[in-house]
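One chain, subunit A, appears in both complexes that follow, with subunit B as partner in the first and subunit C in the second.
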Partner chain A sequence: MKFTCSQKKLSNSISIVQKAISPRSTLPILEGIFVKAYKGILKLIGNDLDLGIESVLEANIEEEGAIVISSRIFGDIIRKLPECEVEVKVSDNYLVTITALNSQFQIQGVKPDDYPDLKEVKEYEPVEIEQSLLKEMIQNTIFAVATDETRPVLTGGLVEIHNEDINIVCLDGYSLALKKGKIDSNTEVDVIIPGKTLNEISRIVDNSDEKINITIDDKHVLFDMGYTRIISRLLSGEFINYSQIIPQNYKTRVKIDAKSLYDSIERVSILAREGRNNLIKLNIKEDRLIIDSNSEIGTAHEELPIVMEGKELLIAFNSRYFMDILKGIGNEEVYIDFTTNISPCVFRPIEGDNFTYLLLPVRINA
Partner chain B sequence: MGTKNRIIFHIDVNSAYLSWEAAYRLQHGATLDLRTIPSAVGGDATTRHGIILAKSIPTKPYKIQTGESLYSARLKCPNLTVVPPRYHLYMQCSKALVSLLEEFSPSIQRFSIDEVFLDYSNMDIHWGDPIDAAHRIKDRIKEELGFTVNIGVSSNKLLAKMASDFEKPDRVHTLFPHEIQGKMWPLPVEELFMVGRATTSKLHKKGIFTIGQLAISDPELLTQWLKSHGRLIWQLANGLEDSPIREDYPVKGLGNSATLPFDAEDRETSHRALLSLTETVAMRLRDIRKFAGVLSISIKDRDFQSYSHQRKLEVPTHSTNILYGIACELFDELWQGQPLRHLGVRASQLHRDDLYQLSFFKGDIERQKALDTAVDKIRAQYGCDSVMRSSFLYSGLSPMMGGVIQEEEYPMMSSLL
Partner chain C sequence: MKFTCSQKKLSNSISIVQKAISPRSTLPILEGIFVKAYKGILKLIGNDLDLGIESVLEANIEEEGAIVISSRIFGDIIRKLPECEVEVKVSDNYLVTITALNSQFQIQGVKPDDYPDLKEVKEYEPVEIEQSLLKEMIQNTIFAVATDETRPVLTGGLVEIHNEDINIVCLDGYSLALKKGKIDSNTEVDVIIPGKTLNEISRIVDNSDEKINITIDDKHVLFDMGYTRIISRLLSGEFINYSQIIPQNYKTRVKIDAKSLYDSIERVSILAREGRNNLIKLNIKEDRLIIDSNSEIGTAHEELPIVMEGKELLIAFNSRYFMDILKGIGNEEVYIDFTTNISPCVFRPIEGDNFTYLLLPVRINA
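Moving on to the complex of A and B:
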């Protein structure tokens, strides 16, 4: 096997497939990158059995073949090379020779025969979605994915595709994030995609309006961007019936600019952080919102004008969770609906319903 | 604080564990006072806990050391009376001490289970001359609680602490700045607070053997040799210390560890030992109304190699079951399969337990809390062995281990200077 290709393209493909390679795998061959040269293209694969990523790039193939090369070493070498044409040659005993300008490396590769195949996914009709939309939907929900394994389904995000509607829902014990989007599809399917997969996808897709194809079967999901394909295991089990925990009514409604609220809370939380529990208190008055925090080293106080309807309320939150949500909402006005100071508050858009966030408060003086 | 008129007391219980045990026994009809004979609080050698935890003053001629094995202690003193430790008794006595002291000043800092600082500044309007008051406090403790204390009186915490360490038992000593030269400087340098074994040998190499020699050394040179610690101990040697009495959040962390009666060779036994330790640690957390923010475990194998592992908790808690689950996860990540003789569980970064993040799954948390509260109540009334988990039956392990009480970590004066 022998090929030449540009350092930049090769390095880029390596970093994409490396997202699916765990540095310590129970199967040593999975610590390597599968490299296959055929029919004028070069295919790289990284796979940890939960998540597999395949990247295809143009190369000048002089001799077809396949090899598995240590991901860490191969990645480090290619990344450190200058921008130039790189030649990779593999001898019959899987010795890999990498040559570029003044540099030459020889490393031992591994026979590719035992490398596990990526799962084929074909069941439902593929669904098309814009890359930028998918990226935004993931980024604005992923923070609410559970990190502990107590309820394994919650370590993933629920993706609901109901014809032209797509929802992503993430939920840990304390907050819920729901984003809605529009797509071209006539499929109805609900799946739970592992949080790690969603994270990697949001990093790989770009902000373009180019489409990405999603194909789903019972156990796997395939994200196909043509040159990059991401195949992930799905989480099995029932997701929590999330619509049941979203309160429909409220006793206090606040209308506020999400960005200014974020900025205020960020400032107040400088002191909340010191108290270790990130505690901030919101005092909702008729015309203003008072945000306080105090810790051993001092106190912080902010006041913001609001439009309020309903009863005044004093309620406490973990500022970190609150800011995650406001960041997801971005630069727009938002309704925040409260019932009591021990029940969830709900963040809703002023118009439409393209997001819903839920956050549970911190109970004080229990 | 920090005014010229500060008066600080340091109250130190004489041979605390042993005195408390002796007082308890006398109150329950014993005729022999353990404090009057060579005696010690020690673990049970048959379950491999055979070390001296505390000793009576009459053992002094035998040169028995805290921490040495019972076997070697008995060689030195064949008629030594050894009694087992009782953690609950110690907590009760410590609490009784603090509540008596609270009558004399609103500003009290618990420094460890048997040491308390009391700010007497401006209290003379109520209770008179500090030295007289110290004597009255000392005598009331002896009369009402049945054990003796030493009280050190000075103008800061360090000097008060040094003073209470002078002649024992049942004494009041002063160590005001003008007395430093006469009373503190002649002492060996290792008697100074914050001078441990490692620092002592470094100082000895430089020819510094007394606190006075340290005090007149060049602080710049000490800083070069010993970094910031050098400057700190120089300040202490000169009696310079002005940290306030800290009433809030006195405890930084607490933990229990135990040597098992037999080596734990499998995961299940180790988990059970962790459960037993967690029962004790979690109960103590609930007792002081604190959540653990960080949980750590430590293991010691047959070759006495120690390892530890810790995790910051996403949601602080003092639930026995939740902490036990985390302890097991930590153990599984840490353990390499070797037989273990000693395990420990400790909680740190403690938070108040009266505010907590609500959860969608709060049913679980509320149920755990109700269970823990019920078990704690039963144990408080009928003793720790009145309720136990059935997994400990026939396991050879005690359901609530904590053989060695790890010294509570109270904020050190040094870290607050």
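Moving on to the complex of A and C:
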């Protein structure tokens, strides 16, 4: 096996497939990158059995073949090389020689035969979505994915594709995040994609309006960007019927600028985090919202102008979860709807319905 | 005590004085910032007894007084406030109330009476130096300060002021770094300044050609930038007579581009660091320098064109120390002078003498 290619392209492909490689795997061969040179292209694969990433790049293939190379060492070497042509040559005993300008490295590779194949996903009506939309939908919901494994299904995000509608829903015991988007499709399918996969995808796709193809079968999902393909197993089981737990009515509605509210809660949290559970109290008045926290160190108090509809209310939250949601909403005005101080509050856009967030309050004696 | 001032200026001053504050001090009062409002100015002090930093800023003083406030909480609050006027008010029982736009915080302060005074440094012919020169001289020598305490005097940098010449010298068991600069002075004084102090000063001074005043007495040094004053104890004891250990002659002289050499050694180190002591071998030939390393993982080999004078030589180094020195030299050509493969090599500028670095080789059986 022997090929030459550009340092920049090779380095870029390595960075992408490394996102699927765990530094310590129970299967040592999975700590390596699978490299295959054939038919004028070079294919790199990283795989941790749950998630596999494949990156294809142009290369000048002088001799076809395959090898598995230590991900860390191979990545470090290629990244540190200057922008130039890199030659990679593998001898019969899997010794890899990397040559570039003034540099030559020799490292022992591993026989590629035992490297597990990426799952094949049966091509079943792929769905097209803009990369920037997918990225944004994931980034603004992923924080609500459950991190503990008591209900494994909640460690993933529910992706619902109903013709031109796509929803991503994440929820744990405290909060729920739902983002809606529009796509071009005639498919109806609901799947649960592991949180780790969603996370890595949001890092690999860029902010462009280029499309990414999503193909789903019984057990796997394939995200296809042409040169990069990401294949992940799906989580099995029933997701929670989330629409049932989103209150439709409210007794108190607040209209507020999400960014100002974020800044105020962040400041109040400086003192709240000294206490045990980041507790902040929201006192909703006719024309203003008062946010308080106190701990052994001292007290913090913020007042923000609001437009309020309905009844005044005193309610408490964990500031960290509250801030996660406000960060997802970003720099716009939002409705926050409350019923009682022991039932979830709901964050809704002023216009349309492209997001819904829900947050459980903390019970207080007040 | 009561004052108002700009959030931005207060935040900036807090960041400066915090450089002298240890998060966990044996004397709890030193975890606070000393704040004094008097004569139309506000003075902040951070102090860990070895190093004290004072920052003065404009403020509207409504009532004079002093207080010590938790550095972490005070800093977090002021930094998170928007750009606005901040009011700070201290009541008789040292309760501090911070008010700004929509925000109000109350934290318990500490009686200022027990806060240790900053040492007074007798004004003894201050020396003026450009901030950018001082910053550069420290940054390019500090890495050679000893980190272990077996010879306490080596945990500091020797600063020699001989009329218009200023030298900074740091050395540990493996390397020596000497930078020379020019100043306006008629003073002759040698002092040893703790490494921590030098480090913090290099972070506080900026890259401008504005001057900073240095005043030295028996036990302390004062760096005076006007609004900011840094006072540090000096280390007592005799510094090593460093000029005696710098070889004046060479048997092999190499002329090489420091940046290319740095890049090559960095790459070779990817494999060297898998071994125990970052060992790299330099094989100096007539027209080229060959750099090799090997470990269980594999081998690395680099070749660079050089201009060589004298005898060919095979010599080994710890790549980490070698790279520290090359980083200090930066983006220029350098002479590296060798005598034998068990005696130190010396890095000298092609023209002038504004730096000298010395590095001990590693003994190898070759």
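The rule is short, and it goes like this: the second predicted complex is superposed on the first by the 363 of 366 C-alpha atoms of A that agree within 3 Å, B and C clash if a C-alpha of one lies under 4 Å from a C-alpha of the other, contacts with A are read in each partner's own complex, and residues count from 1 in each chain.
The rule we apply is simple: a contact is a pair of C-beta atoms (placed from the backbone, for glycine too) under 8 Å apart; a residue touches a chain by one contact, two chains touch by 3 or more.
Here the structure is a predicted model, which is why all the values come from computation and not from measurement.
Legend: residue contacts after superposition of the two complexes on their common chain; A:H162 is shown touching neither subunit B nor subunit C. Of the two partner chains, subunit C is the only one that A:I297 touches; subunit B does not reach it.
A count of residues in subunit A touched by subunit B and by subunit C gives the higher number to C.
When the two structures are aligned on the shared chain, A:K255 is found in touch with neither subunit B nor subunit C. By the document's definition of touching, of the two partners only subunit B reaches A:I245; subunit C does not.
Judged by the touch definition given at the top, the superposed model places A:K122 against neither subunit B nor subunit C.
In the superposed model, A:K285 makes contact with neither subunit B nor subunit C. By the touch criterion stated above, A:N318 is placed in contact with subunit B alone, subunit C being left untouched.
Contacts of subunit A with subunit B, set against its contacts with subunit C after fitting on chain A, share not one residue. Residues 147-148, 151, 171, 173-174, 176, 240, 245, 276-277, 279, 316, 318, 321, 342, 344, 360-366 of subunit A are the ones touching subunit B in the complex. Contact residues of subunit B toward subunit A in the complex are 293, 314-316, 349, 351, 354-361.
Partner subunit A is touched in their complex by these residues of subunit C: 70, 73, 76-77, 80-82, 96, 102-108, 263-264, 266-267, 270-271, 274, 297-304.
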